[in-house]
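Presented sequentially are two complexes of subunit A, the first with subunit B as partner and the second with subunit C.
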Partner chain A sequence: MNEIIFIIIAVSALGIFALPKRSQYYLMLGTQIFLAALTGYLMYLSFNRIEPLQIYLFDLLGNDVSLVIDSLSAFFIFVINITVLTGALYAKGYLKPYLRDKTRLEMAWHYFNFLILHISLLMVAMLREGISFLVFWELMSVSVFFLIIFESEKQENKEAGIKFLIQMHVAFYFIIAAFIICSIATGQNIGFESLEQYFKDYPAFPVFLLFFIGFGIKAGFIPLHTWLIHAHPAAPSHISGIMSGVIIKMGIYGIVRVLTYIHSDLMPIGVFILIISIISGIFGVTIAIVQHDYKKLLAYHSIENIGIIGIGIGIGVMGLAINNPVLASLGFAGGLLHVLNHALFKSLLFYAAGSIYQQTHTRNIENLGGLMKKMPSTAVFFLLGAAAISGLPPFNGFISEFLIYTSLFKSLMVSDSILSVTLLAGIVALAVIGGLAVFCFTKVFSIIFLGTARSDKTRHSHEVRSSMLFPKFIIAILIIMIGIMPFMMLRPMSFVAGVFVDDTSSLRDMTGTMSGISLSLSLLIVFIGILFFIKLKLSKVRHTDIGSTWGCAYTGSDPALHQYSATSYAEYIIMKAKILVGVKKHFRYLTKENIFPGESYFKTGSSDVFEDNLVSRPAGGLLSFMEKIAVFQTGNIQHYLLYAIVFVIVISIISIFGII
Partner chain B sequence: MGVGLVLILITSLIFPGIVSVVKAKIAGRKGPRVMQHFYDIIRLMKKGNIYSRTTGFLFQLAPIIYFSTLLTAVFFIPVGNYKALLSFEGDFVMFAYLMASGRFIMIIAAMDTGSGFEGMGANREAFYSLLAEPVFFIIMGSIALHTGHNSFYDIFSNLYVESALTYFVSALSVYLIFWVSMIENSRLPVDDPQTHLELTMVHEVMVLDHSGFELGLIQLAGGLKFAIFGSLIFNLVLPIQNSYFLQLTFFPIVQVIYAVLVAFVESFRARNKMMRNAQWIITLSALSIVVFLTILIIHEKVGMLP
Partner chain C sequence: MIKEIKILKQHGIQYVPDLKGAVLTPLFRGRPVIKEQPSEAETEMLIRLCPSDAIVTVGGFGIDIGKCVFCKECALACPNKIEFTNDYKIATNDLNNLIVRQGDSEIKFNEEKIRPEVRKLFKNALKLRQVSAGGDNSCEFELNASGNVNFDMGRYGIEFVASPRHADGIVITGPITENMAEALQICWDATPGPKVLILVGTDAISGGMFKNSPAVKREFLDKYPVDLYVPGNPAHPLTFINAVLRLIGK
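And now, the complex of A and B:
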């Protein structure tokens, strides 16, 4: 049975190459639906089982490789399938303009990698055996690399892809190193099973740190995030959505999977995760505010949301440490529910961003404006995603943040003083992140969709085709459903939290609270409905006029000229977070020597302080050092022979004196 | 149960009137009637609308959503012993986020007009409220820690226990909530609703283009905000399980004192320099940390230092 399934998938994956351009997509989509149905069935079987579901696959160097699916894996399978399928549906419309320019092989290669990505994501979530896990982990990174450089004719995309590939491999070494340490120390095979024994016998923190760096680079915790902000804008939008929705979440998956094996050192680990997450959350959103590239801005928001997820997980771990099942279950449930929520609203935002890019061919929000009238459906979806990512009710982002808030407030009451201060920092961080997210998304939504057009780029834009709106519609429904009926998420989340703690009754006790939220939201909706009805009735009897916007009684000028711009909107943050966002201005003063001033220029932009100091500067230093060393590379064969002779002489001298 | 709700709604209609009457008296003017504000709103609601060409449907929908969020938020506020209609664990988080939702949509509406002035106001509103948010959360977190409860009603009904420091905590909290209410309502010292220069306004400039029914709703919402914060202050001042009669007497008194205080601040305090506002609000956050530390001292958690 297993073999048949593998053969079907392999044949259809390779079959993509044999098909003509127009039908490749359907084979990929069909295979993905098949995969999703299959894993969906496994997910259904494995949810809420006490023992994880095991399916033997094959024998690898004497190890049994089998799929092991517990509630945690099942949850991630759900997130993966939802995001990848909506991404695939969206891709049809998004890739349409590229069909003309790209060759049949290029398109097939893209679809093929898309399929491989889906398979490897699913396998990573299901495998426990080390070597096969690492193979699929690597396969995931490589397929993403090819997906990122889809538009490889642009130099910046290639650079972003290579940056991604390098950093993923650095991450890979950390993960391998951690696995090998565990394997050697316990004498077991490489794999998650060896962690159980290792963490029983040895201090957990150092090896956890290795895992955290490895998986954290994938997840994009600050300061490990520098690949993310280049890869997201470079990738085509359906890939950006999936990248932000699930690929970085696999880092979170790795971290929480490792955490299930740790039973000592939990307090320092929890505090460590909490602090890193607070930093990621606040810095991520602060830097996001000054971005003018809307895809880069969304990328920074991914970092922020990874921070929120991490705050939940950190609290969960601290709950485990002090043996408090209430905190542990609330923290993990909140953090992991945010994984799903973020996957939903972030992919929605990226798909909407892709639609904007397709219509305007610019990623600079200062060139946009007034798109609301031309692309109303996209605008509504973007607004919905914006409200959800800002954590506002009645959308799903609020629910997970609410769970995390509840866990923070509850843990305040059972902690000592130092911990209390940390937890208060968590509460303040969440509040500030929420406020900054509102600030950021009111900015980006307003500048793109409201007001009037700021340049000609929007002139030919119109609403995207319905095949690109349909996946957004599905996601939007899920966002609203989770937001308005949060109690239905409690049962599944209690199974997921059950992987970490035995007693998840506190989550079920939240039913009353969640019903309270539901009730107040229904009240809100009823109020809106009534008032809207009154307004409609009134507008029938009252006189309505259309005029121009109030401009201090001055109506002569072009309204596009005195609109608020993205730079001026972000001005406060640029001023207050100067060191962090590093906005630099380069310009030449106008000179006075002639009657007509000469040529001049003005350039401004922000840079990431972490990237500058942790990646660019050391890499630059290394490069210039290498250039100095390169004097030896003369290209002259005699010199190289000389080096060989010197080497032999040095070796013999050393061995004569018995140094080696 | 519903008594608290009715009290808050009535307060919201009268409160702005009291403030303007007191302000007029201080300035030596005769001043409007107390209910004048309410009559103005009714007149606004009877008027037709004028919309800007630039705006879309969001602009017309926003005041409705804004008012509805505040109306829903009222259901969360207990008044003394009168339990709020909606009360659950963590309701104050929901309360704060509901207010944020309303603010979000009003900022969007302001930006929809494509006006430089309104963009400025929207931007300031977003920035100041984001700075003020932590104050509310730190205070609520501290007194939640203090009482061991997680909802408005339970927190306020268990606030006064043993220590005399509690009085210090609630006095400081009242002081902070007072200033937060001034920020949330865009009054002095952050913003001056009386100013006649669009360039220096915050909230007033955001609603320049609204008219008729919607403008009436926005005005009503302003009163509601004051009433909500007034009730929070009342709960901080008088949460003991008093007799219902005492509470019904004290509620209006506290509200009137609050209104008079607002009027005094508006009459005698100068407005902050625009660039100094951020700093001033952050100072409030710093003060709220004092509340938190005091609570730690009360609970002798500081003694548990390793």
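And now, the complex of A and C:
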């Protein structure tokens, strides 16, 4: 049975290369739907059991490699399938303009890597044995690399891809190192099973830290996030959506999987995760406010949401540490539900951003404006995603943040003072993050869609074709469903949290609150709908004038110049967050000699302070050191012969005198 | 805190309690009365004297207070014939009623000319947008003062708003220069209907002393019906407020 499935998948994957350009996509999509259905069935099977579902695959170097699917893996399988399928549906319309210019091989390679990505994501979520896990982990990174550099004509995309690849390998070394330590110390094979024994015998924190750094680079915690901000803008939008939605969540999966084996040292681990997540959340959203490139901005928001997920997980771990099942189950449930929610609304936002890019060919929001009139459906989807990511009811972001807030508030009452301070810090941090997220998204939405056009890049824009709107529609339905009917998610989440905590009754107790929330939110929506309907009826009767946007009747120049620019809207936060954001201004000074000043220029830009200090400076130092050494590479063969002779002489002297 | 309360007590009642019945100082230059018809020679002298051509001779002697700059030179020249009273209720909605003739005891309002939607919609709240179309700031200051603590036209729901989109009408001051003509048109178009058009000050009503200047471009006023003329140079806040109250029927 396994062999048949394997053969089908392998044939489909290789068959992509054999087909003409138009049909390649459908073969890839079909295979992905097949995979999703298969793993969906496995997921369904595993949710109804207490023990994880085990399926034996094959023998590797004497060890059994089997798929082990517990509720946690099943949940991640769900997230992966939804995001990859909607991404694949979106890719059809997004890649259409590229079909003309790219060769058949390039497109086939892209689709092939997309398929491999899906396979490796699913396998990573389902495998426990070490070597196969690492192989598929590496395969995931490599396939994403090829997907990122799809538009390889631009130098910056290639650089972004290489930065991604290097950092992924650094993460890989940390993970391998941690696995090897566990394996050697316990004498078992490399894999997650060895962790169980290791964490019983040895202190948990050091090896956990290794795992955290390795998986955290993938997840995008600050200060390990520097690959994210280059990879997301460089990749094509369907890949950015999948990267943000699922690939960085595999980092979270890794951390959470390691946590399932840890039963000691939980308090320091929990506080550590909480602090790193608070920093990631707040810094992520602050730096996001400064960005002008909307895809970079969305990338920083992914970092912020990883922070929120981490807050939930950190709270859960702290709950396990003090044996408080309320804190633990609600914290884990909130954090992991946010994994699903973030995958949904972030991919929606990235797909909407992709539509904007396809129509305007610019990623700079300072060049856009007034797109609401030209692309109304995309605008509505973007607004939906923006409201969801800010945690506003009646959407899903509110539900997961509500769960995390509930866990924090419920445990405030039964904690001692030090723990209370930490919990309060968590509450304050979540609130600050939520507020800044709303600020950032009002800025992005308004500058892109409202007002009038700030440049003529939007002149030829029109609404995108429906094949690109359809996946957004699916995601929007899911977002609203989770938002309005949150009790639907409580049962699956209690299974997932049950992997960590034995007593998930507090989640079931939330059913009452959740039903209350959903009832009031549904009433709210119905009420707004009625008001809107009344307004529509009334305004049909009256005469309406349509005119241009009021711009203070300034006749001197284009009224678009008198709107908010992105920088001016965010000015207040930029001034407060100068250290983090690293605003740089370039301009030519006017000296006393310039009695009649000529043309001048002024340019502001921002850079990430972590990237500057952790990556650019050391790399720059290393490169300049290497350049000094490169003096020896003269390209002159006589010099190289000289080096060879010197080497031989030195070796003979050394061996004659018996030093070696 | 106590100090602030004491200061408030010292101020007493700052607002004018009855805006319709207030009496201004006799030095105020309000509505002129023509006690006697001036002779031919005096009329000729007055026509040469008046800086803004406000003397009307067709159909008898009259002063057009839409053109008058209230300099009082004619009253100083012929004190037996012409006198400026302190009557501040000098606004009307009909240009013809602005000509003061012998025997006139007040400036009449033309009730038929008022559009019915103005009475129906704006009785309790009239939000206005002020456009200074080349004004010299005198009328603008006085309009500003009509909203202050002293005159407080806000008690009737009359207010100046920040954007024509919020407004029910436009108040124009200044002679509508060429540079402001297009902006005024854009502002008028941006105001949602039904809307009122109010002219405040001599410069707005007739062009004042600038009406023959090449920099003035008043075609805008030919296009739309004007709902209210508020004369004065500058118009007194009480004139403006009483005019608007009369317009909206309060």
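Methods note: the second predicted complex is superposed on the first by the 593 of 660 C-alpha atoms of A that agree within 3 Å, B and C clash if a C-alpha of one lies under 4 Å from a C-alpha of the other, contacts with A are read in each partner's own complex, and residues count from 1 in each chain.
Here is the rule we go by: a contact is a pair of C-beta atoms (placed from the backbone, for glycine too) under 8 Å apart; a residue touches a chain by one contact, two chains touch by 3 or more.
Predicted model only: the values in this text are computed from it and were never measured.
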{"item": "Touched partner set for A:F402, first subunit B, second subunit C, both or neither", "value": "first"}
{"item": "First, second, both or neither for A:S420, with subunit B first and subunit C second", "value": "first"}
{"item": "Partner chain in contact with A:Q167 - subunit B first, subunit C second, else both or neither", "value": "neither"}
{"item": "Contacts of A:T31 with subunit B and subunit C, given as first, second, both or neither", "value": "neither"}
{"item": "Which superposed partner A:T86 touches (first subunit B, second subunit C, both, neither)", "value": "neither"}
{"item": "Subunit B versus subunit C as contact partner of A:L412, first or second or both or neither", "value": "first"}
{"item": "Residue contacts with subunit A in the superposition, subunit B compared against subunit C", "value": "B"}
{"item": "Partner chain in contact with A:L383 - subunit B first, subunit C second, else both or neither", "value": "first"}
{"item": "Touching partner for A:N324 - first (subunit B), second (subunit C), both, neither", "value": "neither"}
{"item": "Common interface residues of subunit A - those touching subunit B in one complex and subunit C in the other", "value": "543, 545, 547, 550"}
{"item": "List of subunit C residues in touch with subunit A within their complex", "value": "163-165, 182-184, 186-187, 189-190, 192-193"}
{"item": "Subunit A partner contacts - residues on subunit B that touch it in the complex", "value": "45, 47-56, 58, 60-61, 64-65, 67-69, 71-72, 75-76, 86-91, 93-94, 96-98, 100-101, 103-104, 107-108, 111-120, 122-123, 126-127, 129-131, 133-134, 136-138, 141, 144-145, 148, 150, 198, 208-209, 212-214, 217, 278, 285, 292, 296, 301-302, 304-306"}
{"item": "Residue ranges of subunit A in contact with subunit C within the complex", "value": "543, 545, 547, 550, 553-555"}
{"item": "Subunit B contact footprint on subunit A (complex, rising order)", "value": "369-370, 372-373, 376, 383, 387, 390-393, 398, 401-402, 405-406, 408-410, 412-413, 416-418, 420, 424, 427-428, 430-432, 434-436, 438-439, 441-442, 445-447, 450-452, 510, 512-513, 515-517, 519-520, 523-524, 527-528, 531-532, 534-535, 538-539, 542-552, 559-560, 562-564, 568-569, 571-573, 576"}
